[in-house]
Amino acid sequence: MVLLEAKNVAKSYGGLKVLTDLNFHVNSGEIVGVIGPNGAGKTTFMNLVSCLSPITSGTITYKGIRLNDKKPHEIAKLGIARTFQVVKPFGGLSVLENVMVGAFYGKRNLKSKAEARDAAEEAISIVGLLDVKDKDPRILPLAKRKKLEVARALAMKPDLLLLDEVMAGLSMKELEDITEEILKLKQKGITMLVIEHVMKAIMKISDRILVLHLGQKIFEGTPKEVVEEPAVIQAYLGAKFAEKGK
Amino acid sequence: MKRIIIAVILSISLLFAVTAFAEEIVFGAALSLTGKLAKEGTLVKNGYELWKEAVNKKGGIKVGGKNYTVKIIYYDDESDPNRGAKLVEKLITVDKVKLILGPYGSESVFATSAITEKYGAIMVQGGAAADKLYTRNFKNLFGIYTVATEYMDDIIELTKGKSPKSETVAIVYSNDLFSTEVAKGAKRSAEKNGLKVVFYQDYPKGTQDLSTVIVQIKGKNPDIILGCGHFQDTIVMVKQLKDYKVNPKVLGFSVGPTLPDFVNSLKGDAENIFGSAQWTMTLKYKDPVFGSNQEFVKAYKAKYKEDPNYHSAGGTAAAVIFQRAIEKAGSIDDIAKIRAALSSFNEETLYGKIKFDSTGKVTGKGMAVVQIIGGTQKTVFPDYVAETKPIYPKPQWK
Amino acid sequence: MKDKKIILFFLFLAVLIFLPYIVSGYWLRVLTQTFLFASIATGSNIIIGFTGYPAFGNIAFFGVGAYVTGVMTTTYNVPFLVTLPFCALSGFVLAGILGIPILRLKGHYFAIATVGIMETIKEIVDNMVETTGGGMGLTLPIMVGEPEFIYKYFYYVMMLCMLLSVLICYIISRIKIGYALRAIRVDEDAASVMGINTPLYKTLAWAVSAALVGIAGGIYAYWLSYIDPHTVFGGTYPVKMFAMILLGGATTVTGPLIGAFILEIISELVWSKFIAIHGMVLGLLIICIILFIPKGIFETFKGGFSFRKLLNNLRENSL
Amino acid sequence: MVLLQVIINGLLLGGFYALIGIGFSLVWGVTNIINLAHGAIALLGAYLTYYLFVSIQLDPFLSIPLSFVSIFLFGYMLQRFVMNLVVKAQIFILLILTFGLEIFLVNFMTTFFSADFRSVTPSYAGESLVIGEIVIPYIRLAVFFVCVIFAIAMGLFLDKTWTGKAIKATSLDIEAAMMSGINPAKIYAITFGLGSAIAGVSGTLLTLTQAFSPSIAGGLTLRAFIVSILGGLGRIEGALLGGLILGVVETLSSYLIGESYKNAIAFGLMVLVLVLKPSGLMGRKYYAEVKH
């Protein structure tokens, strides 16, 4: 079953085209990876799905509902949750309270504090942050803050989870942990769209991979196909050369 | 920590330590010593201080054969009427003072007199001219300023019978309590005297530009222009009237020409402008404390090294009247007796012949009219106190 | 810890309730004034501290409330207490309507827009001479009764107003909405993707805040019995309000209240000793609060007083 | 004809407003400080001019350089040793800090210069250029030209000099600027100094056309507010345009609607622009837009 579908999606800022003519879909229960060099339009696409910025043309549908004119909070109620590449914990609220916000306002829309606390604790235990649940997230190390992002999104009880570079900057051990957690979540029936630079991890978790380059889809296929696709390799190598040139 | 506690205890005890000693008569005043009315507030305070020194030099206030040294407790209301009210309450309940000398400014008097009335204390004020003060049926408020609605009467009176005849008048005013009342009174008085009011317009308090108003006035070409505002807008108006070559026969202001800064700020452009004055230095009145108005002026100059104006004189006069009423009442704490003495007051003071009507406002005092002639203000009206004849019509701008 | 706080609060409350039978009229007035500031600061803190929108011109609703009571009691002879719900309502509706466009702005822009609104409302009131008396101000009917009674009356009414503000803040901080507001304060994008209808909650927060400030304005008007546009819209109120919020701690329920008490009592005790220069002292005091204890005294001195903490605060925000 | 006169009056007034706004806008755009003490700083320049005129009869136009230099130093020190200490704090903390400064300065001036209203009237005051029915006062015209010259000079300074470019760079991206060797503490101080200096000059010019006392500081700041919002932050040409618009709007609304409504209309306009186009009538996306 198709959960999320993008048709001819384009986004431009003034004259600058960031995404052009993107067509693709995510099925229920899948993990879809999105890769591409910097500036490929990955985060832009994610912002379009979560309605943080308006779509220039084309449509995105989720469960058959058109998302173009929705507000971010409406999307959240429909069961889409996301994390941010630059983590955005709510400082001044404890880890537990951070996650409670998700339980209160996500798809669950809980009313009572007790219920929200239970839901939050469950999400926290999934990512393994129980020991720091009363701490202010601002003092936690990056890995834990990234986990907090995931926990907050999970507390919303999403059907579709958008993960924006949750693995960047983590150690090998932490990477393994988080990969495992993501796979566990998949078993729970959560569909995921994962933006990632860490190739090894994304190859391991993804069912399918979407490759973006300069705002365009250059390839879509299984991890194995992606590794063998010349266009992808060229895009990455070209990008690397470009970076060296700087 | 210990030191902090000691400091706090000390400051609290200081606060409560202010009690009246024997043989002292204590007055209280909550004035604006900072904020937008700091200037006028300080002048009124100067007036009170001068009176206090003069009286104490003579041995104090004599009541029932006993001499009481005058003491005045001051507080600063920061030009905030609400704070003024609070401080008067402090004067009455904490400092136990029931003789209150008024603050400067209609808003402040308005707020503080409500407190004195509630506590049965008494206030004599020489610092507010709003008519509204006297429409509240207060028994314990006496004011010596001619009220705002009568402010412009004498300037209009002055133009009567002069030639060439003035027929039209333009009135502009700042939209605050005092100025609005002045303008209303001026309009009424002008119409009563057969003048046609061709322009009547308010402007925001403290405006920085009046060019549009002046261009409009120019179109009407009135014989008389009356500005009812405050010093700041008066200066702007004079400058711009000259800029746009508007030349009326009479240019008069409610506030401004009577203040020494008027000539300092405008130099030659101040020439021949009329102003209403509650009081001027040259008025020839006798006074029970200083002997005469001239003596008061001399004493003031000696103490403060500057000329007194109607603010400070108002302060002194209010205090003088208060003192005379207390002496007549024969009691320093019987408010009813002091009130009766004030109600029946009829004496000449440096501020003029003072009588109060049943609402507590001064009656029949009138205003003096001054004109800037040769860089100084001269009293030109009414005739019996005038130093010189008014210059009419006003010559064109240089 | 929590129990101790609540016990302390009720102890404080009990003292306040019995105080009028011990202290003089002047001190009652000082306290009433303090309650007034505490109400304004606590009410405003809902939008400023909880939601993170620096509504510098929030005093606008204080003025609106004052004029609602003023006009209703003078023109329509409505009893004073009956006007108070209307003060709240007018603040609520006005902020609700203005909030929709204005709350799209952030930071400085929002702060300035609220100042613009405050000045615009002031000028409008100034020009509605027929209804409001314009610059001439408005005289309210003076309450009949013994001064003793009147002062106790306003003392208790203002105290109730303050307690109402604190109570509402407390409730907001405890329930679901409180979490939404605090999330909005830290990061609006993150809050919205978590399902928080940010425009709605922001507007709601501002409206509640305006309603509380409006009630305070209504009581103030009847208490002072004379209001004019220049005193009720602006003056030093906004900055005093902010200083109190900062001093006590912006993110807490009782912080602004404590800030109000500290600042007002200090000014009572100290100001009269520095008549000539107290304006400068006030300015310096505010500058020092900002430089050394911007997080509020409780946050800063949690584990006891030390100069090092002051210096740390100084270092934290410097370039 | 009256309408034309009113518009000319508005433009002349607008020149002055522009100058008040430029400094304010510059400081806000670069350092992200809304300087509520701007009006009070302008008055420091006004008092300097006034006392120079009274004591040695120095013509106000000649005291412009003195105002500029001395108020620049004042502003530089202030930013370097006070404002820089909290410049990274939340915005309302900065707001309160500058308000505290305003209270301090106003009371300082009241204590030492008295609350008296002052004004300077040189011998040539009141002379006007008369063309048909249109009257253009020379002083206002001169004030206008000084303001425009300062605006242009300021714009050139920012565009053509290294310091100017460093200021612009800092306002765009402070981290990138730091990495290219710019010391932001110094740049902020220079910016605040310049903003203050221009305010000081506007204070100097103020003495010629109006009466002033410490109590008008707040009103001046509010005008600066409106001008910067109308024009767009940190943009010199924007502030110039904003000033002119404000001047004309004030005189026109005063003529067409009523003098007492002019402030309401000016503030209403500001709120409207904020809501509809927060980056100002001439503002572009960058500068302060990205900073919240």
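Labels for the chains are A, B, C and D, by order of writing; each one numbers its residues from 1.
Heads up, the rule we're going with is that a contact is a pair of C-beta atoms (placed from the backbone, for glycine too) under 8 Å apart; a residue touches a chain by one contact, two chains touch by 3 or more.
Predicted, not measured: the structure shown is a model, and the values here were computed from it.
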item: Joint neighbours of chain C and chain B, given as chain labels; value: D
item: Innermost chain, where centres are averages of C-alpha coordinates; value: C
item: Most contacted chain pair (by C-beta pair count); value: C-D
item: Maximum centroid distance from chain A, chain identifier (CA atoms); value: B
item: Centre-to-centre distance between chain D and chain A (centres being mean Cα positions), rounded to whole Å; value: 47
item: Distance between the centres, which are taken as Cα means, of chain B and chain A, whole angstrom; value: 74
item: Intercentroid distance (Cα basis), chain D paired with chain B, Å; value: 36
item: Centroid distance [mean C-alpha coordinates] between chain C and chain A, Å; value: 42
item: Of all residues in chain D, the ones touching two or more other chains; value: 107, 110, 258, 260, 263
item: Chain B, residues touching no fewer than two other chains; value: 34-35, 175, 202, 204
item: Touching chain combinations (by label order); value: A-C, B-C, B-D, C-D
item: Chain C - residues contacting chain D, complex; value: 48, 54, 56, 101-102, 104-109, 111-113, 115-117, 119-120, 123-124, 126-127, 236, 238-239, 242-243, 246, 276-277, 279-280, 282-287, 289-291, 294, 314, 316-319
item: Partner chain C, residues of chain A touching it in the complex; value: 50, 52, 71-73, 75-77, 81-82, 84, 88-93, 97, 100-102, 104-107, 109-111, 113, 116, 152-153, 156
item: Complex contact set, residues of chain D against chain C; value: 28, 32, 34, 82, 84-93, 95-97, 99-108, 110-111, 184-185, 188, 222, 225-226, 229, 258, 260-261, 263-264, 267-268, 270-271, 274-275, 278, 288, 291-292
item: Partner chain D, residues of chain B touching it in the complex; value: 34-39, 42, 175, 201-204, 206-213, 215-216, 219, 231-232, 234-236, 239-240, 242-245, 261, 264-269, 397-398
item: Complex contacts: residues of chain C adjacent to chain A; value: 174-176, 179-180, 182-183, 185-187, 189-198, 251
